[in-house]
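Look at the two complexes coming up: chain A is in both, with chain B in one and chain C in the other.
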Partner chain A sequence: MLKYIARRLVILIPELWIITVIVFTLLQLSPGDFLDQYRLDPSVSKETLKAMEREYGLDKPAVVQYFYWLGKVVRFDFGQSFYYRRPVASLIYERLLGTLVLSLYSFVLSWIIGVVLGVVSALKKYTLTDKILTVVAFSGLAVPGFFLALLLLYMAAKTGWFPIGGMYSPENTKMDVWNAFKDIFLRLQLPAFTLTFGGFAGLMRYMRGSLLDVLNEDYVEFARAKGMPERVVIYKHALRNAINPLVTMFGYSLAGLLSGAVITETIFSWPGLGRLTYQALLQKDYYVVMASTVIGTILLVLGNLVGDILLAAVDPRIRYE
Partner chain B sequence: MRKVLTVVLSLLLVAFIFASYIGSQATGKKGGTLIIPTLSGPRTVNDTVSKETSSSDVIAMFMSWGGTLIERHGVDGKFYPALAEKWDGPRLTKDGGMEIIWYLRKDVKWSDGRPFTADDVVFTLNEIYTNPDIPSSFQDVIRSTNGHLPKATKINNYTVRMYYPEPFRLAFRYLGGMYIFPRHVAKKWVDEKKFAEFWTIDSINKKEIVGLGPFIPVEYVPDQYVRFVANPHYWKKDKNGVQLPYLNEVVYKIISSQDAQKLAFEKGEVDIYAPRGTEFAYFKENEKKFNITVMSYGPAYGTQFIVFNWNNKDEAKREWFRNIHFRRAVAYAMDKKKMIDTLFNGLAIEQWSPVSMASPFYNEKVVAKYPYDLNKARAELKLGGFSWDKNGRLIDSKGRPVKFTIETNAGYTIREGMGNIITAALKQLGMDITFVPGDFNTLVNRMLNVGDWDAIIIGLTGSDEPQGGRNVWALDGSLHFWNFSPDVAKWVDPKHYQVPDFEKEIDKIFRENVRILDENVVKDYWAKFQKLASEYLPLVYTVNSLRLFAWRNTIKNVQIGLFGGTTWNIDWLYKE
Partner chain C sequence: MASLLSVRNLSTYFYLEEGVLKAVNDVSFELSENEVLGIVGETGSGKSITVRSIMRLIHYPGKIVSGQIIYRGRGKEEDILKLDEEEMTRIRGKEISMIFQDPLTSLNPLYTIGDQLMETIMQHQDVDRATAWKLAVEMLKKVQIPEPEKRMNSYPFEFSGGMKQRVVIAIALSCNPKVLIADEPTTALDVTIQAQVLELMKELQRELKTGTIFITHDLGVISAMADRVMVMYGGRQMELAPAEDVFHKPMHPYTHMLLKSIPRVDIKQEKLESIPGQPPRMIDVPEVCPFAPRCPRRLDKCSKELPPLEELEPGHYVRCFNPVLGGDKK
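What follows is the complex of A and B.
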């Protein structure tokens, strides 16, 4: 098992390298560069533009720029953001908390709700409960996130139950710990609801489908036939087999924890990595985009690894050599 | 008795002189927090590095208002004494140069309590804004016609002389409005040649910011808010001798979507809002309900126009676009009323002159206008040698059908709407037009560096000083889109490059007007410029939106003017 994990981690290095080359090439191939926004400004002279080009190293060939960046990254330096003129690492660090709070909260919520409702819906298949849950799930899948977010924002404005966006109120730093926590928790609800509503629905349908498949298997029939209590049949035998595909999905979705949710973050003014990366992409702030690509890739590989290990843990048939 | 009278009189005189700064007649109550929404946070608080409004808005709070030598009034547009209580000049010197002598206010302190003196002013101009190692957009702006930069000399602790080797009209407003850096903090960074790293965004939370302006930033939570507190040493006092600013705190709340900003304003979470044209009527109807005031005032400075590529690789297109009658036909075919009604909900005005209507140099009398009239457009096309074939298609004098592409940047609904309106009208004239909104970066790159474009609808920022458009109108300007000089744009074929006489005259106006210090003569120069530009139409202007404002009625002393919006007098706004 340890050997297997080590092998997977070693593979991560060439994987990362290839992905960074691809992303960097794509960034270079896409038209324009960071300085385009200043080229149409009557108050910026050619000399200033030239000086900025030199300062950012944009006058050098793309290959040189890439290896310059790579050389820094292996020393754990993600470089400087053109736009903020600050180390990329500190930009990401500042938004890490906001991103994690939002994504972990909605991640946990959607998994709990998704799995529980999926099981309920499978066990009560074709009843009214199942049908209502199905309708909820499909509307969760169908309603676009941005629309739901705007709707919630409008609701918040009309009722006054929730503040309009933002993670902290400007008074937050003056509050004691408990009130500061309450402030953030209240502000967390709407964006988290948006993400959870879109997230749990898929999981619930997966859980339902997968459990229904297993419930039709012969061994479930056999377990029932030999007089095993229904509770044991379902929770000990059926559910353990039905959970396999979800464990794989769990691994994948771990990768999304740090990539943020651009639209939700923008609408609710949430300080997250999604907005940072998106703005950087629009402005061609290369090193910010590269850093978030690297983080995303590492998380994806690690998430898959975690998924595989969990799978081995829940399913005795799976062994890694 | 006589002695007493003299003392009283001179005291009155002194009081009169000293009371002439902006805010000296204000009344109000101390206290309160003003919350202003903004779409994105600052990137830096170093003015030489800042390139976008989200940063410069934050910088202005601790460097502008009373933090500059002179200050501009938002309503009457005049310059008032601020840190300089009076000045001599600008005047010509014997050696053919020009000078301004500033007499600084005494007993002014930086926000950290250190005294402000002539050394700070001299240091800022000589070692920062004219330092070749510290490029900044301000450095580009203060360069005189032949590229000279000004020099400051200290006459005594409270007197500074600024000198240019040649006359430069704009020196007064630019140097007077210069942001002043605290020498005792900044000098170290200049000496170590690390000035670009001075006052990065971290310095807000480290409480390193020192300024002369009304509010000092003390806290920045990324993507959430920037908090400012009143400068404890701000030098202004109101009518009753109360120290300004009235407000205790200002918060820039970062709300990244405009829809959320609107809701936050409705709900009272922010105090000020800039409504979009489509929201204006809604807020106006609900003024009482939300307890707000909504108002439109004067045209905005930015311009939107259609421009043609006179150096197109296609010979036919070069001929059409260089044909003045063709451009006049396009001007007549532009339905500005429809643009105003459909794109701006009526909150815009037609633009004919390259000079902003808010500018003192705007001269309506000399400007040629082209009200929407397709028959006149057809007549112009005939004059230009165009005719129509039996299918109604427009053909030029050599029988080639008129066919070209209009582009703009996608995602900007107003420009896309303008493109649709222009395209529809030109099609009625028999032209074969394809309208393509595309990616902004690609568009800019092709416009400046590739040259494979026919016509583009785009906009530029502006100000009330026409000279700000030098990069656009000078023959060697880096934004002289329609007729780039081959020296500026490599793609222009020198064999095809021609400069019509009117362009030469405009170029001369831009080079010469800044050497003249008499405003009335300058007015004549700009009148001629407006006449030429509107007659020959290198840029065909569209419409100019009005500036829209909304604020909560709890904010007092708001004075909207041509030159300032809700916050131009933030140092004497107060909240009830």
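What follows is the complex of A and C.
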């Protein structure tokens, strides 16, 4: 098992390298660079532009730029942001908290709600409860995130129940711990609801389908025929089998934790990584984009690894292979 | 002496959108201790639903609509259809056990053989884990699993099909049930393994004196196993007689034709006999003989009313207006 994990981690290195090459190439292929906005500005002199080009390394060929960046990354230096004129690492670190708070919160909610409602919906197949849950789930899948976010924003503005815009109120630093927490918590609700509503629906349908499949299996009926009470039949025999496909999905979705939710973050002006990356992309702030790509890749591979390890933990058939 | 299990006028219907499917229609039979009752019939004739009704394992949209299933194994007469669900869990696996058709899917892939065996033992017998372990190993030995102690910790996927069916049999017999229901227990196995498993079942049945209901559509298997045979067609019982009689002087035209359609080793046949026509439609059927459309001995009234199940010879019941009487089948 350890050998397997080690092998997977070693594969991560070439994977990362290839992905960074692709992303860097794509960035270079799109026309223009960060300095274009200054070039259009008549008040910026040619000399200044030249100096800036040299400072940012934009005067060198793309290949040189890439290896220059790579050389620094292996020493854990992610370079400077052109726009913020600060090290990329500190910039990302700052946004990490915002993203983690939002994504972890909605991740946990989605999974709990999704799995529990999925089980309820499967066990009460074709009843009114199931039908209502199905309608809710399909609305979750069908309503686009930006639309829901705008609706919520409108509702918040009308009722004033939730403060909106950003993660902290301007007075946050002056509040005591409890009020500061309450401030963040209230501001968290609407973006979290937007993400959860879209997220739990798929999980719930998945859980429902998986459990219904398993409930039709012979071993479930055989467990009944052995005289096991229905409680044991469902929770011991059916549910553990039904959860298997979701374990794999769990791994995948871990990868999304740090990539942030661009649209939701933008609409609620939430200080997250998604928005940072998106803006950097528009401004051709190369190194910020590269850094978040690297983070995303590492998480994707780790998430898959965690998914596989968890699957091996719950399914003996995987363990022996 | 009264029999161990009496099924009286059992009817189980499935309420489908297309109409009512009468899967089991007014079926009655008795099962005594130490007796093997074979049920034969083609796919969809209601064999499985009959025995699942006895276990009360009928799910929506199916429903047991009428009848009685009297069980006398606990020193009194109990109607299984009237017991509550909790009482049923005490009957299933303990008093009446069941083996399913496909051993490959009957065991839960995520739990060890030992766990699935001990779970059953501990559910029905008041024993601690250590004793349950011993009993489980004992059972595995009984079904001739080599190295039973070691095998207790194996998962189903490490077993072959025949071995899995042995384990399933071990689980079914682990609490000494008085009735064992085997629903085509060897259909999914290849022929050599099938013979071994049948041999094992026969031995265990003799040893434990379990009343057994044995379902199959393989007439060869039934002739080797059963004391009495019930032939089902279209959800109804057509013939019920001692095995000897069914094979040597079948009275119902359906049984008669069924036996003729078995290929024989001793005679070279140009063409296999078959029964012309299609298996019956099961939805919204009128109260007539279900076999009438395919029957060569059909009379006018066959498609107007339902023939009663009559005892034409002692112990030999037939549902037919125009039975094949006298003379051997050859």
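Things worth noting here:
In this text, the second predicted complex is superposed on the first by the 319 of 321 C-alpha atoms of A that agree within 3 Å, B and C clash if a C-alpha of one lies under 4 Å from a C-alpha of the other, contacts with A are read in each partner's own complex, and residues count from 1 in each chain.
Heads up, the rule we're going with is that a contact is a pair of C-beta atoms (placed from the backbone, for glycine too) under 8 Å apart; a residue touches a chain by one contact, two chains touch by 3 or more.
Fair warning: this is a prediction, and the values are worked out from it, not measured in the lab.
Superposition model on chain A: chain B and chain C are shown accommodated side by side without a clash.
Shared-chain residue A:L150: touches chain B; no touch with chain C.
Judged by the touch definition given at the top, the superposed model places A:E217 against chain C, while chain B stays out of reach.
Using the contact criterion defined above for the overlaid structures, shared-chain residue A:R39 touches chain B, although it does not reach chain C. Of the two partner chains placed by superposition, A:T159 touches none, neither chain B nor chain C. When the two structures are aligned on the shared chain, A:E47 is found in touch with chain B, with no touch to chain C.
Of the two partner chains placed by superposition, only chain B is touched by A:F268; chain C is not.
Of the two partner chains placed by the overlay, only chain C lies in contact with A:P316; chain B stays clear of it.
Once you line the two complexes up on chain A, you'll see the smallest CA to CA distance from chain B to chain C is 49 Å. Listing the residues of chain A that touch chain B in their complex gives 30-33, 36-48, 51-52, 55, 83-86, 90-91, 94-95, 98, 150, 153-154, 156-157, 160, 163-168, 170, 172-173, 265-272, 275-276, 279, 284.
On the chain A side of its complex with chain C, the touching residues are 217-219, 221-230, 232, 237, 240-241, 314-317, 320. Put simply, chain C touches chain A in their complex at residues 55, 57, 85-86, 89-94, 97-98, 100-102, 105-111, 119-120, 123-124, 155, 157-158, 168, 171-172. Of all the residues in chain B, the ones that touch chain A in their complex are 33, 35, 40, 43-44, 49, 51, 135-137, 139-141, 143, 196-197, 200-202, 219, 221-225, 227, 251, 253-257, 259-260, 263-264, 266-267, 269, 439-442, 444-445, 448, 458, 460-462, 468-472, 478-479.
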